[in-house]
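These are the structures, in structure tokens.
Common to both upcoming complexes is chain A, partnered first by chain B, then by chain C.
On to the complex of A and B.
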């Protein structure tokens, strides 16, 4: 099992798609930073427009913490989309290149093989989120400096710089669980669909639907609390003025449960299916 | 002849109105405030607006005669546009007349109430009501109707009877709900426009607490 994991890690490190993923993340960061640099002051102005009649403002809200928050919001769509495309490719490329058949000719357990794929996918996801977080914090603070964070969530919430720093770190940690869920789903879709293009399309549709369903009120408390799409926003809860820790723990715990369930489904399908490209 | 007589009476009356003096108690208070050459103090700011969550902010307030009051802080702070003019310089910037409105009770203190009506179009307020504690020679409440920024009501609390500067200042004002740029939204991308319209303007308050006040006379 460990040798399979090592071999998967080696494959990923040698594949160009890993570099593409890292490049895509840096490009997203670059775009957010550029747009914040040129339009950030305008956004803040618009946000505080109605308060200008009564208040004078001292201090800079267009700072590193705000930029990190804006980049963090790429966890809604951009980052999971990139992850789903790359990770599904871990398996679909093996189907396409028929390397899977070659591997299966070796004395390799199908269970361990697919499990190693899932494990490496999770590790890769966590690595990408870590890279995103580290580069975001470093670049944002370097260019924009420190300062209070303002977020619109149930009103205008202002956080002191050090408080914002911890909230942003926790949000990245919580967001990584959501990213793991989407990665596991994409790998399971790859198991089911085998074909790269089909998997990308279905993964993108899954992500879009998940985002849309998050905003729909099902008028049923159980569905509203337990449906998977309702659990993918836990990282945003760190920006409520009073952090609802119990909600965050619940959502993350449930989402981990869903991830395991999806993984089990993928493993069972892979085990029972004949390996054919 | 009769017309000339009435015209003379009218002109004399008009002259009396124009020459209306500024309330003596207000002048006394202004004179007392003018005795301050400079002051500095630590300041704590708390905001009470329904749609704003902000922790207590700390800073330093500095005043030098002939200059505007400055507030500095390492944090982002929101200062009310009115309420920090403790030396009454902004009010006295342009000429005005005062009208005595009698007496009123404010927090157990019998206060003299006057209206300030600017006589210059340059003045940024249209009318102000001042509640003066004439015995302690200080202002305890003011309502300033500005031309552009709405009405600001300021309550000033003093620690000791002899204190010239307040320890607590509460500024009340009307404030409109925020406009939200969609791209900036976090979790809730939907905007309840109806609710926003219905909300209209709300009353906001800001509390300023001064400590370690150092006055140079």
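On to the complex of A and C.
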């Protein structure tokens, strides 16, 4: 199993698409920073226009913490989409190039092979989120400096700079669980569909539907609490004044449960299926 | 016996791809599986290699090795973005084998490839990929290898080189080799035993020499002034450019050749032509 994981990591490290994934994430980050640099002050003014009549604002609200929060919001769509495309490609490219057949012609367990794919996909996801977080914190503080964070979440919430720093770190940690869920889903879709283009389309639809369903009130408490799409926003909860830790823990544990369930489905399908060219 | 597949049945929906197929392979011999396109050769090989499951029937491989059977199905499928070393490293690693420099050089030299090439294998020719695929199939020393259409797409030199390599693996390493092809000439001088697969059924099997002998009815004779020969006219030969196709019925080919020599015809070649319809068909010649 360890040797399978090592060989998967070796393959990923040698593929150009890994570099493309990293480049895509850094480009998104760069765009957010660039647009904030040029338009950020105007947006802040627009956001606080009414409040400025009643309150006095000191310091610069267009600071590193706000930029990190803006980049953090790419966890809604951009980052999971890139991850789903890259991670599903870990398997669909093996189907397309028929290297999966060559692998299965060696004395290798199908169970261990697909498990190693899931494990490496999770590790890769965590690595990408880590890279995103580290570069975001570094560049944002370097260019925009420190300052209090203003966030619009059911109203405007203000956080002291030190407090914002820890909330942003926890949000990245919590968001990485959501990213793992989407990555596991994409790999399972790859197991089912085998074809890269079909998997990309279905992954994108899944992501869009998941985001849309998050906003819908199902008028049923159980569904509203337990349905997977309702669990993908735990990282946003760190930007309420009182952090609802129990809700965050519940959502993350449930999402990890969903991830394991989706993974088990993928493993069972892969194990049962013939390896066909 | 190293491998025995008994009463194998396989269907895809209503299409019966394999019907009661039985083959037996002994250690160190070369077996040929011949049949027209769509006869079921690749499906049988995929079953032998464990890639797909048969609907019924049994497969027994008598080997105590870590890797009892290796092979290549259709074209060798390798990681184009890796070098030969990278590919061998990945395929060795997944089966718990450490690819040392010595093992790498030994594997490459075994299949006639240079271990000094460092570029990615998408630059390799098909013949070189076939050889690298074979090197991967031979990792962990399987006692039996299965090669599906290994000559497909190779030039004559590539076919010759692969022939020699397969013969060497069989004679020196005592590896059982099972090869499929739809081209008879690719297998006739290589295989000890032939199985003929037709619409999913083994319709003929036996020693290659015997099967080919039974299914040769025509000979291509080449020589000078063939059109002057009375003997060839008597046996209703079909004249081509500097050669004639002869299907003697009233006398044997050796008698025809003997009479041609008596007529003073200089013969440069006499090549038996396998009757594919007869070989691939169910009726005896």
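We take it that the second predicted complex is superposed on the first by the 276 of 277 C-alpha atoms of A that agree within 3 Å, B and C clash if a C-alpha of one lies under 4 Å from a C-alpha of the other, contacts with A are read in each partner's own complex, and residues count from 1 in each chain.
Methods note: a contact is a pair of C-beta atoms (placed from the backbone, for glycine too) under 8 Å apart; a residue touches a chain by one contact, two chains touch by 3 or more.
As the structure is a computational prediction, the values presented were derived from the model and not from experiment.
Undergrad: Does the chain A-based superposition show chain B and chain C clashing or fitting?
TA: fit
Undergrad: May I ask you to decide whether A:148 touches chain B, chain C, both, or neither, giving the answer as first, second, both or neither?
TA: A:148: touches chain B, not chain C.
Undergrad: Figure out whether A:97 sits in contact with chain B (first) or chain C (second), or with both, or with neither.
TA: second
Undergrad: Go through the superposed model and pick first if A:239 touches only chain B, second if only chain C, both, or neither.
TA: After superposing on A, A:239 lies in contact with chain B but is clear of chain C.
Undergrad: Pick one for A:158: touches chain B only (first), chain C only (second), both, or neither.
TA: first
Undergrad: I want to verify the contact counts: of chain B and chain C, which reaches more residues of chain A?
TA: Touched residues of chain A are more numerous for B.
Undergrad: Taking CA centres after the superposition, what's the angle at chain A between the directions to chain B and chain C, given in steps of 10 degrees?
TA: Rounded to the nearest ten degrees, it is 170.
Undergrad: For A:10 in the superposed arrangement: first (chain B), second (chain C), both or neither?
TA: second
Undergrad: Would you give the minimum C-alpha distance from chain B to chain C, in Å, for the three-chain superposition?
TA: Superposed on chain A, the two chains' closest C-alpha atoms are separated by 41 Å.
Undergrad: So which bits of chain A does chain B touch that chain C touches too?
TA: Dual-contact residues (chain A): none.
Undergrad: Once bound in the complex, which stretches of chain A touch chain B?
TA: 43, 46-51, 53-61, 69, 73, 147-148, 150-161, 163, 215, 233, 236-237, 239, 241
Undergrad: For the complex, which residues does chain C have touching chain A?
TA: Touch list, chain C to chain A: 46, 49-53, 66-67, 70-82, 86, 89-91, 93-96, 133, 136-137, 139-140.
Undergrad: Would you tell me which residues of chain B are touching chain A in their complex?
TA: Its residues touching chain A are 50-55, 59, 71-73, 75-81, 148-150, 152, 173-181, 183-190, 204.
Undergrad: Per the contact definition, I'd like the list of chain A residues that touch chain C in the complex.
TA: Spelled out, the residues of chain A in touch with chain C are 3-4, 6-7, 10-11, 14-16, 97-108, 113, 274-277.
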